[in-house]
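What follows are several structures.
Each of the two complexes below includes chain A, the first together with chain B, the second together with chain C.
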Partner chain A sequence: MVSLMETRTAKELAEVASESDVDRKAGARYPGSVRAQGRFWQARWFIVVRAFSVFIGIWYLVALWVASPIQMPSPFKVLEALIALGRTGELFDHALISATRLVISLVISTLIAVPLGFLMAMNREANAFIDPIVELLRPISGIAWIPLGLFIFGVGGTLPIFIMAYVAFFPLLLNTIDGVKSIDRKLMSAAETMGVSRSARLLHIAVPAALPSVMVGFRIAFASAWAAIIAAELIGSPSGLGFAIEWYRQLLMSPKVFAFIAMIGAIGYLCDLGLRTLQHKLTPWAEGMGIGQ
Partner chain B sequence: MNVATMPSKAQPKLRLRNVSKEYVAPRTGQRTLAVSDFTLDVRAGEFLCIVGPSGCGKSTVLNMIAGLDQPTGGDIEMDGHHVRGPGAERGVMFQDYALFPWKSVRDNVGFGLRHGTPGAGLTAAERNDRVNHFVNMVGLAGAEAKFPHQLSGGMKQRVALARLLANGPDVLLMDEPLGALDAQTRMVLQVELLRIWGEAAEEGDRKTVVFITHGIDEAVFLADRVVVMSSHPGRVSAVIDIDIPRPRRESIRSEPRFGQLTDEIWSLIRDEAYQAIA
Partner chain C sequence: MTTATQTSRIAQLPPAVKAVTLPALLIVVWQIWAMTLPETSPAPAPAKVVQSFIELTASGDLVWSTLQSLGRVLAGFCVALVLGLSLGVLMGASRAVRENLDPIIESFRPIAPMAILPIAILWFGTGTPAALTIVAYAAFFPLLVNTVYGVSRVDRQLVRAAQTMGVNRLRTIATVIVPAAVPSVLLGSRLAMGVAWTAIIAAELAVGAKSGGGTSGGIGQMMFVFYAYSIDLNGIVVCMIVVGVIALMIDRLFRVAEHRLLPWRN
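So, the complex of A and B:
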């Protein structure tokens, strides 16, 4: 990756950059065009590699300057640790545990928040009743519940799931409410003049109309939950990525701590990429309307 | 059903009696009298056009007939029954199309047939045929799989037209349905619209159409009667009988009577039209 950078002169880089600009415009104008999209993706890929290389480079320099493998291990030490942990399978075991907890918590949160959001957006009384409670809880960080959660759930898998579900709940709920409230009344009216029943209007208009906003909420929920998992596992769990970080910190094995941190970043990045793709697949019309992305 | 409410030849299809509509802005409480003292009978099987300056309340009247907006005064009846809310027997084509963004052209046209009362009793194959028929009619064959955001303004308008026609309502309420089309397509669809309405059929077999337009020549070409509205507040300022025989062909546009009627209507709205943009 680094050598790819070095073999290009500044002039070439500038050309690539301006080319990718053109591609992006072309891609925006003809979103369906295969050729424009292919080159667009290549440019995107290059930008990612470039950013990543610069990041690694700075990291390496800082590690040289700090010169303490415990405070700041070099990227190569971390890469070694990653490979070693990958060989023993420890890396993937913990990642799988954390990812499973993430999925469970997101499912729970979605099953509660999305229907509740529909109810609150469509029923004034329900909204008047629930909204104050939501607004009261919302500013309280998920981490604030860890001490109490330790009393209730003890150390184990339940506490991180609870914390993540809690953190994911609010963006999902608020974006669902927002999505349902912003449904174009005209579309409901149009359906009414076609003799479409209330339940069919809910299913075939309210649900798809709110979906782009729900998807945005889901992406934020995922990011918040994934950020919270480490804190939750750090304290309240005998397994998972957060636990592994804390374990190797106590053993003063910084490269392994960093390896797990890198794993968290990689999973988060890849999942968001996946969710974005899913968003494009599920709500292709939303891009044409300027939402999404 | 007693005699008074029985639909008969003498009874109008739609009856608007002193209808008024006042909008009140929710926050400021500011009142806008959009329509006032609007009285009109629409005969069964009639093709009625409404013309008038922008903002005079044409869409408001149409929405009230559709049952989507409640009048603040007066009464609207259909076949002698008070209009309480929207229903599939009064199909609407909206000024801004109101297409479902997540549905393809095909599914937009078939929405009412699939999820609403107009499709009751039809098999899936019959529904499909009907959708195909109207998609072809408005010249959208080949674009069935596209989504609204991939269509031009004129194509969207044709989807909305096909959707209205596919539902086969008794009364067609159309708000500037051909406004976004190029002149050629508009003329083709005007003739097509007259055919669907039942120009060639017995008067009793025709549908009832309320058609809002900005095109005076379009109104004269299509209508049995043209209602001219004036604004502030919106009311009926004149009703012109279009005594040009049917079926109407393109050639009538060059006849003297066509020009006379067009001029007459233009002279009725000219002053207001100039005022509106002054």
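So, the complex of A and C:
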């Protein structure tokens, strides 16, 4: 099972941990945990701004010390490059190409993995036949498919889609199976006793019950796909964010390399934020299920 | 009627037979498909893959490349372990450190290891150090996150007991907090080794692709040479299988370690 552990942030985990029973009994350990409201220097946004200011300050000093604009461009040069790339639209063009590939591959993966997961979880025979082949393929990382994929699909847009769909498939499948298996059997039997049809049982009991786990799987699938696309585009595609960073590296235009890397991080962060919000909206009851569910 | 008896007959098959059916079918279909192709076709076939595996093993190339990649993974992992553990303990033990570092860590986490490669190449060239950087970067995050979790989850009563008995802060960290965090750290290590192994393949592939098949070696590079120079798809499939087997072995090794070191958790 792929656990939530992989998707939670360090801070979230620490907070879940510090809110445990043990801690509550022991009382507030951190003096800061009972905080005065309204003091802006203790507000979350202020801490974030301060942390970033310090980070950018250190970066600036390191850039001064290294004194090589190719190896370590200063934060201002990167900002300039970011604005210039934004003006010409190049930044968004490459981002849009990568994002489109991402969406296509996630749709393909979801359409295959989720129904297959339901089948494997509900039918023991199907599971006995299909599970071995899944377990045989799973250790082979998507990256390892790149050379063969390059040969089959050639350099272009199909290779990243194939690699991402492959990478996203396994967390989605495993979490779907896990979610369906966690369905309360009594609910299913009760519905059956009361004459609820099989399709209605599936739609009204199995799907909602499995949804939290599927959502977790989807977030992990997104994260691994977003990591894989960079490798796939860097090696075998003439467009996209992964291509752009390597292209500008070869031209030794470091500020643009850094600008594109920032874009990769920003999209990854925003998408995860969006998925997390969606998860909270779609499956609010899953909040209390804890870690590793 | 017939379908009912058929399904029950299928259900009665021993589990091992069921497990082997689909993979075996796949290999047979693949082999038959390959045999219909002309002799000169570069398409891989199971028989040729086995032959290629024997040749590559006999020449020692495969073993040497695998060892090279594994060595890099281990070195990068060790760097990540030192950084991830020390920073993780600090962040887990002190709320102030955690709150201030968390925004920075979280903004780097969605940046894929491969996105760091161009910078690593600018800094270190297309050799082993660039690959090591990617591996260390990839392995750092799971190690850090799980160490922070493990440390902040430590039973506060134990920490208080230690403090009551006059144990100083440093010694509390060493004797109470770190041992209690071991399960999380082990989990983090397993996840980290998994991503590190993927990262080294990606890094070697990309370095191979961008430096025109340089001399740095490793199994990822070997795959790239098979793709770009000798067009040996059977060799690529052999490498893919080896990559999978090593990934599986790393995972099993860490699971065994978890069982051995933490028998109370089973």
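Quick note on the criterion: the second predicted complex is superposed on the first by the 225 of 293 C-alpha atoms of A that agree within 3 Å, B and C clash if a C-alpha of one lies under 4 Å from a C-alpha of the other, contacts with A are read in each partner's own complex, and residues count from 1 in each chain.
The working rule: a residue touches a chain if its C-beta (ideal position, glycine included) is under 8 Å from a C-beta of that chain, and two chains touch if they have at least 3 such contacts.
Bear in mind that the values here come from a model prediction, so they are computed numbers and not experimental data.
Of the two partner chains, chain B is the only one touched by A:195; chain C is not.
Of the two partner chains placed by superposition, only chain B is touched by A:205; chain C is not. Number of chain A residues touched is higher for C, counting chain B against chain C.
In the overlay built on the shared chain, the residue A:186 is in contact with chain B alone; chain C does not reach it.
By the document's definition of touching, neither partner reaches A:89: not chain B, not chain C.
In the overlay built on the shared chain, the residue A:283 is in contact with chain B alone; chain C does not reach it. Once chain A of one complex is fitted onto chain A of the other, the partner contacts of A:47 are limited to chain C, with no touch recorded for chain B. Touch criterion not met for A:57: it reaches neither chain B nor chain C. Shared contact residues on chain A (touching chain B in one structure, chain C in the other): 32. Looking at the complex, you find that chain A touches chain B at residues 32, 184, 186-187, 189-197, 200, 204-205, 208-209, 211, 283-289. The touching residues of chain C, when paired with chain A in their complex, are 7, 10-11, 15, 18-23, 26, 42, 44, 88, 91-92, 95-96, 98-119, 121-123, 142, 144-146, 148-149, 152-153, 155-157, 159-160, 187, 191, 197-198, 201-202, 205-206, 209-210, 220, 223-224, 226-227, 231, 233, 236-237, 239-241, 243-245, 247-248, 251.
Within the complex formed with chain A, the residues of chain B that make contact are 66-68, 85-88, 90-92, 94, 96, 98, 100-102, 111-112, 115-118, 147-150, 167, 169. On chain A, the positions that touch chain C within their shared complex are 5-6, 8-11, 13-14, 17-18, 20, 22-23, 25-26, 29-30, 32-33, 47-48, 50-52, 54-55, 70-71, 125, 128-133, 136-137, 139-148, 150-151, 223, 226-231, 234-236, 241-242, 245-246, 248-250, 252, 254, 257-258, 261, 264-265, 267-269, 272.
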